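Shown below is the structure under consideration.
As written, the chain order gives the labels A, B, C, D and E, with residue 1 at the start of each chain.
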Amino acid sequence: MTRVNPELAKELEKFGAKSATVCFNCGNCTAVCPLSNNSTPFPRRIIRYLQLGLEERLLGRMEPWLCYYCGECSQTCPRQADPGELMMATRRYLTTRYDWTGLSKRLYTSKVWEVFCVGILFFATLAVIYLFHGPIVTDHTKLETFAPADIVHPTGYVFGAVLAFFLLSNVYRMHKFIMRSGERVNAPLSLYFSELGTLAVHFATQAKLRLCTNKSFWIKHWLLMSGYTAAFILVNVDLVTRWSLTDSPPPAWHPAKILWTYATIAMLYATTVAIIGRLRKREPIHKYSHSTDWMFLILLWFTVFTGLLVRIFMQFDLPLPTYYTFAVHLALAVPLLGLEVPFTKWSHLAYRPFALYFERVRERALQLQQPPQEEEA
Amino acid sequence: MTERTKIGVYVCHCGGNISDYVDVEKVVDSVKDLPNVAVARHFVFMCSEAGQQLIKDDIKNLGLDGVVVASCSPHLHEKTFRDAAKAAGLNPYLLEHVCIREHSSWVHSDNREGATRKATWIVKTAIAKISLARELQPIRLDVEREAIVIGGGIAGLRCAIDLARAGSTVHLIESSPFLGGRVPQIYKLYPSGKSGCEIVEELIDEIKRYPNIKIYTNAEILSAGGAIGDFKVTVKVNPRYVGKVSDDVIAKCPVEVPDEFNYGLTKRKAIYKREHSYPDIPVIDMDACTKCGECNPDFDQQPQTIELKGSLIVLATGFKPYEPEEGEFGYKVHDGVITLPVFERLLALSDGKLEYNGKEVRDIAFIYCVGSRNEEHEYCSRYCCVATLNASLGALEKFDGLRAYHIYRDIRAYGKYETYYEEAGKKKMLFIKYDPEEPPVVEKSGNKLIVRVKDLLTAGEELEVPVDLVVLSVGMLPEMSEVFTMLRVPFSRDGFLQEVHPKLRPVETAIGGVLLAGACQGPKDTVEATASASAAVAKADTYLVKGYAELEPFIAEIDPEKCDGCEECVGECPTSAISIKDGKAVVNEALCKGCGACGGVCPTKAINLRGYYYDQLEKMIDSVGGD
Amino acid sequence: MTRKILIFAADMAYRALDQAGLLHVHYSPNTVIIRIPCASMLRPDLILHAFQSGFDAVFVASSGPDCPFMGQECVGKTAKRIEKAYELLDEHGIDRNRLVVAGVCSTCVETILGTVERLEEVVGE
Amino acid sequence: MPEGYDALVVGGGIAGMEASLTLGDAGFDVLLVEKEPSIGGHMIQLSKVFPTTDCAGCITTPKMAATGKHPKIKLLTYSEVEGIEKTGKKFRVRILKKPRYVDENACIGCGRCEQACPVLIPKEWEYGLIGRKAAYIPFEMATPKKALIDLDNCIMCGRCERACPKEAINFLQEPEEIEVEVKAVIIATGYNLFSPEKKKEYGYTGNLTVIHTSANPNIIHGMQMERLLAPSRPYHALVRPGDGKVPERVAWVLCTGSRDKSVGNPLCSRVCCMYSIKQALLYSSAVPFGEAAIYYMDIRAFGKGFEEFYNMVRELGVEFIKGKVAKIESRNGNPVIIAENTETGEIMEEEYDMVVLAIGLLSNPEAVKALGVELDQYGFVAQPQENSNPAVTDKEGIFVAGTATCPKDIPDTVAEASAAAAQCIAYLEEVGS
Amino acid sequence: MAEEAKKAKKELTVKKLREKGVKPREEVIEKSKEQRKIIKQITGCLESGPKTIPEIAAEVKMPVGIVTWYVMSMFKYGQVVPDEEVDGYYKYKLPVKKEESE
């Protein structure tokens, strides 16, 4: 017996799930969804849990992470209940439930908090740069001198470690929720290792999205994803090779540089298209924008854009613009990474493959548990 | 008598309905050479314009003296073909319509040969019958512009107004002391959003404008009978025991009893009246009255027996809500389980906050299909889905912070009413679909009621819904009346009154001149009830406005040559239509209803029933018996 | 030669026969239907006539208490006719079982099916 | 001085015929204007009608005949009301009578012109399932049964004119403006059908003579199925339009274009549940070994005898699946239905020989435009006193019946048509002559 | 005979209409030519014996849906008649020409 809880739907309204009770459970969304199948049917099942307030069920499901918001469900919904947006809101909600710090919930449910946090990090970064930057050489662009690697890199390591800690601890909580739901499972540790491949593949390709009927979503998403991943790797590689901050930048044909260019263009294109889309509100995915969606897009766009500007100014050997833009670039990148990666939108990148991974582990574990039960029967 | 020898026989294919199983050609072949037959044909749709033309042309060109049409049931199209024959100049009663569809092709679709043989037999009996048929004339009856409407609810009111507007005198009979019926009890009606009181008050205001509407409230029907053009209804108008008095006088009454209008949610005095109703005179409830005399009563008033006559009777007796059994969804077992009509009153009476039995209501569960769509009452009561949605929306609008759960089977918010369903969703109400095999269970837990239900939309999740009030969306049952038996109106399978045909003659009953209006025919909402009331008036007007009715000529006929005045028939006649004059029996044509019982007992075979002469029946038997 | 059952169908019974058609149920096609307003009009000699004319069985389908002409009274009146008809059958040595009377309401399709089936058995023997 | 009538009835479907006959029987002079070349409306196209399953033609044809020959009813077919103006207590009505290019008085409906005509055009009355000629009789049971020429699709070869035995064909006919004076008006303009092409996910083909690759001719709509099942059906047997095969598995898709805001119609069409259940029953008796499945959201069997009918059909083995069909794909020419069975949570992918889209009923605002009455937001005629007097409109002396006010079934339509007639009679009696 | 001759002489109203400058649409003329070709093909194909619709379609090399439409239209105008049913498909054949003409 489960008690219905209409409060949950009210709670979820804060995350953008405004139309859950408008749904009359016709099942159109689930059948039209290219990603939904009989073992993981959604969005209707998730919406139904949402309507009835079956919190435990909701927490234990990984389906929200399978949804890539292609919008077909919302386009064809006979009640215009916008199932795609409901799934999105559910992901926001789940993100806050996975997050133990409570920051995520604050960011999602309070615009003041969101702006405040971004502002703090932005200005704190600027302050740090102001306090700790190296000598400013004005006759020639010397970025490495302005931002000495021995300061930048350790700071980066620490920052990365903190982010990883928050994110992974949240993933651990997600793991608990998923494994706890439904039938009890005791997955042996070996399974976690043998299924690591699933995690890697899904992380790298986000392949599920390709099943969406509208292929351009996958392409855009993949551009963004690959650009981001490339940039992420390059930044890390850079920490070792220090090629980007060096005062004599490598030539244009340098493979790392080509990759950077790709990452920049890909991300800039995808975010620009997304921003225009949200302004036009033509596709269902762009119809409703949560404040965090805007914040994410704006931060990302400006981060990439300022990164590009730094590169251009360096190319033209304009020392001061380079330094200032670099400072702004960092001031944007810190809140972008610091807030988005563990607490809001960027965390989806981790939760999606992890959800599939945990589900796969759970499935395998259940299979392992199965045979003796059958014999009993 | 001389036999008719130029009979035309017409066999209908009914576009395959008949011809798929009955070999119509073979039927035609086997009768076309019979001595009395001049022509035999088959055609795809005899009832169509072209089919009728075929008959008419043959009557004119071949000089037919009799026609047999074999097609669907005569209940459907006998009149159609008789009119066609008449138009071609043939006496319409020289046309016999027999049924080879319902009585042959459809019941013997498993046996084509048998179906064809039976159809041939049926056609042969019809030929035999027509060969001895006499020309008959319909009985033309002058119809006075006077009608009786039984029931003073919304349908009866609509009827009375429309009849009166078209110039007829109307006798409106209502059994309770006030007009209005059940509609005034409704908080807000869909789709207009007006209160039931308001709608009925408008109608009552209109009623008052027509002096040709005579109203009898508190009236009991003692007897009803007669036939079209000449119905008689005797009513006993019970006394009100009081005249028009002021509200102060009513307030003086020391007795308080539960007010049935509000289902006992409030109390009324022994002397009471209804707001927005008619008449504006109170009535004393003698069961409760202590005869204290405070209200200036007149206990000497006696019931009045009035005999009313009318050319037609419209039955607008309405419905009653289903009363759940004790324990059905916790009804009468747990405090807080009520029916929808009670909830309507609760909504209308509550102000500020919704309370039931002194307890504030925050969460409400509506359970649908109570007393409908089950073994006992198989039918769907039609109005309850929308009425429940509408009531829940009204409740949420009137009281802040209510939460509603709809526990349903199918939401039948048909037509434009779908918007109510959608609106309920927008107002964040929850819908839980239950399986009739595993209906919800209502339990008490602390000061809450718990509805336990298995939700089909989560593939059977067992849910617990804690609420303060459970509202049972009860169906409609026909309101029974003695008058049904007095008039011998047939019922349909669902227990409501039966119309002749839902599409061809939707407001007529098998009893000529008795019409149906509103929910006595089946569950209806106010829109449908008033429409059907007007429809009954339309049918009535075709007689009343025109001023006459034509009746079938099938009445008893006495051969004075053979009659020896034995009086056997006199006692046999159920309508006392036969008397003895000068040693011979005579039939009063206005009273004879044409059962033929007299013929069945006449020892000298002096009595025949027109249209069913015994020589015809004998020949019909012979036409197949010797086959 | 085909066995033949004659059905005298009074008003309500005729409607029941219509109803049977609407429901597309099946019964023996060895039946002939003669429509009459009310079973009380049947003279006993007419029933005898049917047997003499070649019918193997007669089913008087009366309206029963639903009779639109006289209601409940119909049952008694019809019974009187049938009683006399039985006497006539006995006089002429015709098996009483070959004559059946039943009250058939407008939706009593089952009564028709049952009675026809029973008569089929009787005449089949 | 224009001709005068007591009442004008606009629309010659079942509602218009019923209203006209009631008025005529009560002794009033009626002018019935129908825009199509024959009266009969949608009902004459139906197979059988629920819940009694008597054939629609058996009820409609005699009504058509009675209307056609009623001494008090004057029939104007192929005519449209162009404008209406109230002067004093009367309405002055302008009617446009479109040219049939056939002299109605001379034509005997023999059909020789149709045989002679060489052009084939999708036949509207059969919803394009077969062709008709440019010179044609609208349908077998048409009233009046007179030919007409579709000049837009005519090649002007003159064969029809040569074939006509009565010299009835006259290509020089012109549209005719008729003015009449009436005391009251009844609107019985009926409904429009939802165009299933609009629901793109369902792959319906609008024109069977040009079949697009994305569309499947074995996906038909409810009215086409009515035609396939009707006694006067276009084909010789129940076969599917894609290749003439007897369909062994048929599915019905309820709420096609109803209760669906994604195609702009949030309303329920009231009849589709029942007509689909009825079609499934008729299909089961036509193809006894066939399998029938109905995909529904809610079964709305609310009328008298409907629930009983639904139960009967369910017991006969017709499968009922709760779930809105999301899309219909094609596999080897067979439609494949994709839907979630919401009672089990299972996503179904079922292949059928034929799929019937149970299309809904929409308003027909074009037909009432000339009458100037108020419409509601959905284009139906507004009923200002719906609870107590549903037949009146916002204009005094103008009444409304049938599906002009919202979708409804035949019993409700007939009742409302009579109700409108009653209001009309009461009004006429009050206005006096 | 005399009457027919009289009729032939009488000027057709369709000619008068053409004289007034009303012309049939080009695409209708094209379409009707194509139709006659298709009908001729189907008729020709049935001369060798009864065939099902898919068989006809294969022979005349046209989409089976369109062939269905033509065969059914031809059936309605009496140009083909259905024959026996084999495995769910009816065969169609040309009608037997009646000896005597009406």
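Here is the rule we use: a contact is a pair of C-beta atoms (placed from the backbone, for glycine too) under 8 Å apart; a residue touches a chain by one contact, two chains touch by 3 or more.
Here the structure is a predicted model, which means the values were calculated and not measured.
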*So which chains count as neighbours of both chain D and chain E?*
none
*If we look at chain A and chain C, which chains touch each of them?*
B, D
*Select the chain at the greatest separation from chain A, using centres from the mean of Cα atoms.*
C
*Could you name the chain whose Cα mean is nearest to the mean of all protein Cα atoms here?*
D
_Centroid from C-alpha atoms only, then distance chain A to chain B, rounded to Å. What do you get?_
66
*Indicate the whole-number Å distance between the mean C-alpha point of chain B and the mean C-alpha point of chain D.*
28
*Hey, how far is the Cα centre of chain C from the one of chain D, in Å?*
44
*asked:* On a C-alpha centroid basis, what's the spacing between chain A and chain E, in Å?
replied: 65
*In chain D, which residues are in touch with two or more of the other chains?*
52, 54, 259, 322, 342, 345
*Junction residues of chain C - those touching two or more other chains*: 22, 24
*Taking each residue of chain B in turn, which ones touch at least two of the other chains?*
411, 422, 433, 457-458, 492-493
*Set of all touching chain pairs, with the criterion as stated earlier*: A-B, A-D, B-C, B-D, C-D, D-E
*Spell out the part of chain C that touches chain D in their complex, as residue ranges.*
22, 24
_For the chain D and chain B complex, residues of the former touching the latter_ = 14, 22, 25-27, 49, 52, 54-55, 57-59, 61-62, 64-66, 68-69, 109, 140-141, 143-145, 230-232, 259, 266-270, 298-308, 311, 322, 342-345, 378, 380, 383, 385-391, 406-408, 410-412, 414-423, 425-427, 429-430
*Okay, in this complex, where on chain A does chain B touch?*
1-4, 6, 9, 21-25, 45, 48-49, 51-52, 54, 79, 81
*Residues of chain B touching chain A in the complex*: 403, 405, 411, 421-422, 425-433, 452, 455, 457-458, 461-466
*Which of the residues in chain C end up touching chain B in this complex?*
2, 4, 6, 11-12, 14-15, 17-22, 24-38, 40-43, 46, 49-50, 53-55, 66-71, 73-74, 77, 80-81, 105-107
